[in-house]
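So, here come the structures, one by one.
Look at the two complexes coming up: subunit A is in both, with subunit B in one and subunit C in the other.
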Partner chain A sequence: MPSLLFLAAFFIAPLFVILEMSFQEGRLPVEGAGVFQNYQRLFADTFYLGVIAETVGLSVVVTLVSVLMGYPVAYFMVRHASGRSYDLIVFLLIAPLLTSIIMRTFGWQVLLARRGLINEALMMLNLIERPLGLLNSPLAIVVGLVHVLVPFMVLSIASVLQGIDRRLEESARILGAGKLQTFLRVTFPLSIDGVGTGAILVFMLANGSFVTLLLLGGGTLQTLPLLIYQQFNTTRDFPFAATMSNALLVLAVCCLYAQLRLIRRRGV
Partner chain B sequence: MAQADQDATRGRAPHDRRIPVGVRLDGISKRFRSVTALYPTTLAVTPGTMTALLGPSGCGKTTTLRIVAGLEAPDSGSVFLAEREVTRVPPDRRGLGMVFQSYSLFPHMTVGENIAFGLKMAGVSSAETAARVRAMLNLVRLPDIEDRYPRQLSGGQQQRVALARALVTNPSVLLLDEPLAALDRNLRENMQFELRQIQTSLDITTIIVTHDQEEALTMSDEVVVMDHGRVIQVGTPAEVYERPRTRFIAEFLGTANLFEGQVAGDRVIYHGPGSLEPQTIATALNGAAGARSALVAVRPEKLWLEVSADGPADDSAAALEGVVTGHVFRGASHAYQVRVEGRDAPVLVYRQTRDIHGSGPDPGAQVRLCWRPKNAVVLASETPDPSHLENRND
Partner chain C sequence: MAQMREDVRERWALAAFTIAFFVFLIAPILVVVAVSFTSVSYVSFPIQGFSLRWFWRIVEYRPFLDALGVTIQVAFLSTAVAVLIGVPAALGLVRSRGASAEVAMTFLLSPLSMPMIVLGLALLFYLSALGLGISLISLVIAHAVIGLPYVVRTVAGVYRGVSPDLEESATMLGANRWQVLRHVTLPQIRPGIFAGALFSILISVDNLPISFFFGSPSTNTLPVVMLSYLEHQFDPSIAALSTVQMVLALAGLLVIERFYGLRHLGAPT
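Coming up: the complex of A and B.
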């Protein structure tokens, strides 16, 4: 019971506070627009729509890159790694999660900086003449986010791959399917739930990511979390910040719902 | 050449008469890390027959099957299909059909898609595929379930679909890995008949792996008994049952009453518990010639009981004195347990119901256990006999 009270006081109540706040008049009140004026502003203004699109777009890119990078790792882990190297890979995947996300992001700053490790190395090899602007770019953001999020993808794909009966693949081989056909027609379709679970997880986390964008993006991408931060700290337009928070929350809830559907389906 | 092979395994219509293909394994062996799953084994499967690889788990039978399928590469030796060496040919180019114990139907495909899979891989046209899928479903007596998913089927239905999927591509050899083990008893018996009937009607060379001796005996033309990675006996079901070579086979294939006797000339003489006089308990020495003592197995159905008061048994029969300690009525037969004074293991006797009066001797009755020495089998010692087995040790 105390835990329930705690939950109610610190998680559920704030939601209502934020919801209530989003219905108040913001810094730029529209005459006679009623309680939904902040939402009208968010969804009518092309700038904010652009921000939402950028948020979702970034998450989609990060998710796709994570799938492309994570699937081979998961496949290798489950199908080719021996017991000990399997454990090692899992450890390597989880180890970064033990470090603070800020530290990891700073690490990327060091690597990507104008006089950072990567630029210096490329210069030394005479591959480039002057440092590339790696930091403060969408690329840096994607790299940083993928690095943080790909373990989730790998682990969720690996857990599903592990559950696939090898005899299914062997049956396909005996029925005349080569290795690639077997993968495309049997292994991959059967692991799609793991890809889905991982994708939703990564998408959701990328949607809400903030530190990475702040430290690696340098303002090149405007996403909802960044804007919320701005509204709270710089513009101090609390009602509008609350509105954007709710928009982000709805996105997250949609993802959770999709995930739940996926899990249910697998349960059949 | 490769093209011709593919045509041979892929393009044919479902009811073409095929020329059955033989399978030959020449000295194949397999180790998994430190465990030897299969010692060098040589085996030939006659075209068009059903051969059972029989043995307890871990005897190497499944490894053997997987080597034939190409799912496992042997450490040594060669595999031949129709006298063509396929040792290094990947499984998708061997033109085989296989049914696993777990059926392994693709859960994300319908029954129709499952069966069509092999045809699709072979590039068969969709019209022909549809016709052949339907023909196969009729063959396994499951029409009208094409659009269902495997999880909507019962175990027996999944089994048939798996069989249809394996047969639709006209494989040269059908491999069955414990195909009936997951079915309940009644269904298993029906499927035994059905499988056998489909196999003979298609005239397809079939290798079935099983640990169920009854399945091996009822379904196959030839039984290969394996244990600890070696073949111990090859023969027709009747041969391996009636003339088991070793104690392991005698006991693995049904029940055997064992008696230890002395070798004298061409017969085995017994003088021990239950017998006052030395008597002949077995003729024909098989592999035991030259040994001093021999182990003799007598199947329970080869024994009969005589109530002692009925006078002497017929002279040629071996006879031991005993007391009935148990009796079970089994419908078509009766089983008796007879204790012989001084002997540890009770002797089991099976009699057909129609051969005895009433329920036969009651527990506690003094009886004489009788059998004809020619029906007893002299067992070889457990070490395999290389000449007989074509089975080399390394």
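Coming up: the complex of A and C.
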């Protein structure tokens, strides 16, 4: 099949090329360290270990916030919205996915700037005296990433909530469970696959993002994609960039594996 | 009675949360649209004056126009490649059973799960080694890799819902494989091809993590030019350009909706 050949040639082969490149000598060669010197540099230096921790940590936070924000919306959408309002919600969820990443980041820059809309509004309400430094902070990064990724979470959770047999909930209620108890013991556990699918997807996409960090973070968080971008643009240490790419790739493959396990369990 | 009141309260609380959620989702986009109509050269609120000067700036600023040309070429050519190789794959895999078909399908969709920045870096080195380097062809190949999964997934989704009965009847009535494909299969999966191609175009137009590796004055795509512009200055022309892009993409979404229906998009599994 031509498409399999195409991917073998232009997807798999390139990945082997950077694997090979990561074993070459980088800008800061270590005497006698051998072919794994770039990996030694990546995993022995506390700075780079910190970068890996920040990459994963940021993705975890973004994923958790997305679940907390996305679940109630998915629940409302499936259980309470009907007909036209359901269609409107789907449209509003998908429409932002079609605006450019630049546009959405620019929008947050305008909103979060020192003299931006949020600061001006808070000052007008006399809630703060001086503008808050909202932009160029980890908070801005999380807000920007959640904004981009949370629609995927809502759609994943909604698709599973839709398939839950509501008689199970009714039985729980008849047997005397309270509303909250029914949700925690019946509804939520039944929807956990949707949460899982969405979480893996959001985590994966957050891991690889760098535009948001570049424009909203102002260097307050250093993650692998951001460093790869900088290595490429300024330092031009390609073997080390390749090494970081492979670290990111390993994370992605783990996510892909988790995703496949989950899909198989759902029997889709 | 008490339970009904509780239900109503839950409903309203969820509705309020959902509305707040969509304000969060839509506000940054509306803000950009508003900024693009300002008459001053800095970004401020409330909008000062009303003018279309920033839309004119798009046309006047040479790199924007050049990049637009590159973006359109890359989007359409890469989508053509993705459709040409993706549709036969989707058709073949949907009707075949067994573990190998499942593995092949997973493989075809796997570029979706790769961090694009990794793919971009890898493709740059690989294509440079092949002698293609930073060129339009390289960009088209790279974008076809990420467009392919969208085409395969959408076409496979539609084809799965098509009963094989019609194809079998046509074969029994003496049609050869080519005639069955041309007169029976293709007309039925056309909405899927169309939607997949549109997705592939939209993904290509918005791509930054791959495109920026292949950046040069003659191969810069729109997002690459916009990013470097944003890194150096902060004026409303980016807003105007984004607004134009959004209007075009929304038009695309409405077309998908007409031919395919948004409900089918569902969860990205």
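Methods note: the second predicted complex is superposed on the first by the 264 of 268 C-alpha atoms of A that agree within 3 Å, B and C clash if a C-alpha of one lies under 4 Å from a C-alpha of the other, contacts with A are read in each partner's own complex, and residues count from 1 in each chain.
Operating definition for what follows: a residue touches a chain if its C-beta (ideal position, glycine included) is under 8 Å from a C-beta of that chain, and two chains touch if they have at least 3 such contacts.
Because the structure is a prediction, the values reported are computed rather than measured.
K.L.:
After the superposition on A, what does A:186 contact: first (subunit B), second (subunit C), both or neither?
P.N.:
In the superposed model, A:186 contacts subunit B only, not subunit C.
K.L.:
Touch test for A:176: subunit B only (first), subunit C only (second), both, or neither?
P.N.:
Touch status of A:176: first partner only.
K.L.:
Using the superposition on chain A described above, determine whether A:7 touches subunit B (first), subunit C (second), both, or neither.
P.N.:
second
K.L.:
Can A:218 be said to touch subunit B (first), subunit C (second), both, or neither?
P.N.:
Neither subunit B nor subunit C is touched by A:218.
K.L.:
Going by the touch definition up top, name the partner, subunit B or subunit C, that contacts more of subunit A.
P.N.:
Higher number of touched subunit A residues: C.
K.L.:
Between subunit B (first) and subunit C (second), which does A:131 come into contact with in this model arrangement: first, second, both, or neither?
P.N.:
neither
K.L.:
So, A:168: does it touch subunit B (first), subunit C (second), both, or neither?
P.N.:
first
K.L.:
Which partner does A:57 reach: the first (subunit B), the second (subunit C), both, or neither?
P.N.:
Once the two structures are laid over each other on A, A:57 reaches no partner at all.
K.L.:
Could you give the residue numbers on subunit A that contact subunit B in one complex and subunit C in the other?
P.N.:
268
K.L.:
Help me check something: in the complex, which residues belonging to subunit B touch subunit A?
P.N.:
Per the stated touch rule, the residues are 10, 69-71, 90-98, 100, 102, 104, 106-108, 117-118, 121-122, 151, 165-166, 169, 175.
K.L.:
Using the touch rule from the top, collect the residues of subunit A that touch subunit B in their complex.
P.N.:
165, 167-168, 170-178, 181, 185-186, 189-190, 268
K.L.:
What residues on subunit C touch subunit A, complex-wise?
P.N.:
So the residues of subunit C in touch with subunit A come to 6, 10-11, 14-15, 17-18, 21-22, 24-29, 31-32, 35, 43-45, 81, 85-86, 88-89, 92, 104, 106-108, 110-111, 113-119, 121-123, 125-127, 129, 141-142, 144-145, 148, 152, 202, 205-206, 208-209, 212-213, 223, 226-227, 230-231, 234, 238-239, 242-243, 245-246, 249-250, 252-253, 257, 262-263, 265-269.
K.L.:
Would you mind writing out the residues of subunit A in touch with subunit C in their complex?
P.N.:
These residues of subunit A touch subunit C: 1-4, 6-7, 10-11, 13-15, 17-18, 21, 69, 72-73, 75-77, 80, 87, 89-96, 98-111, 113, 115-117, 120, 147, 150-152, 155-156, 158-160, 179, 194, 197-198, 201, 204, 207-208, 210-211, 214-215, 225, 228-229, 232, 238, 241-242, 245-246, 248-249, 252, 255-256, 259-260, 263, 266, 268.
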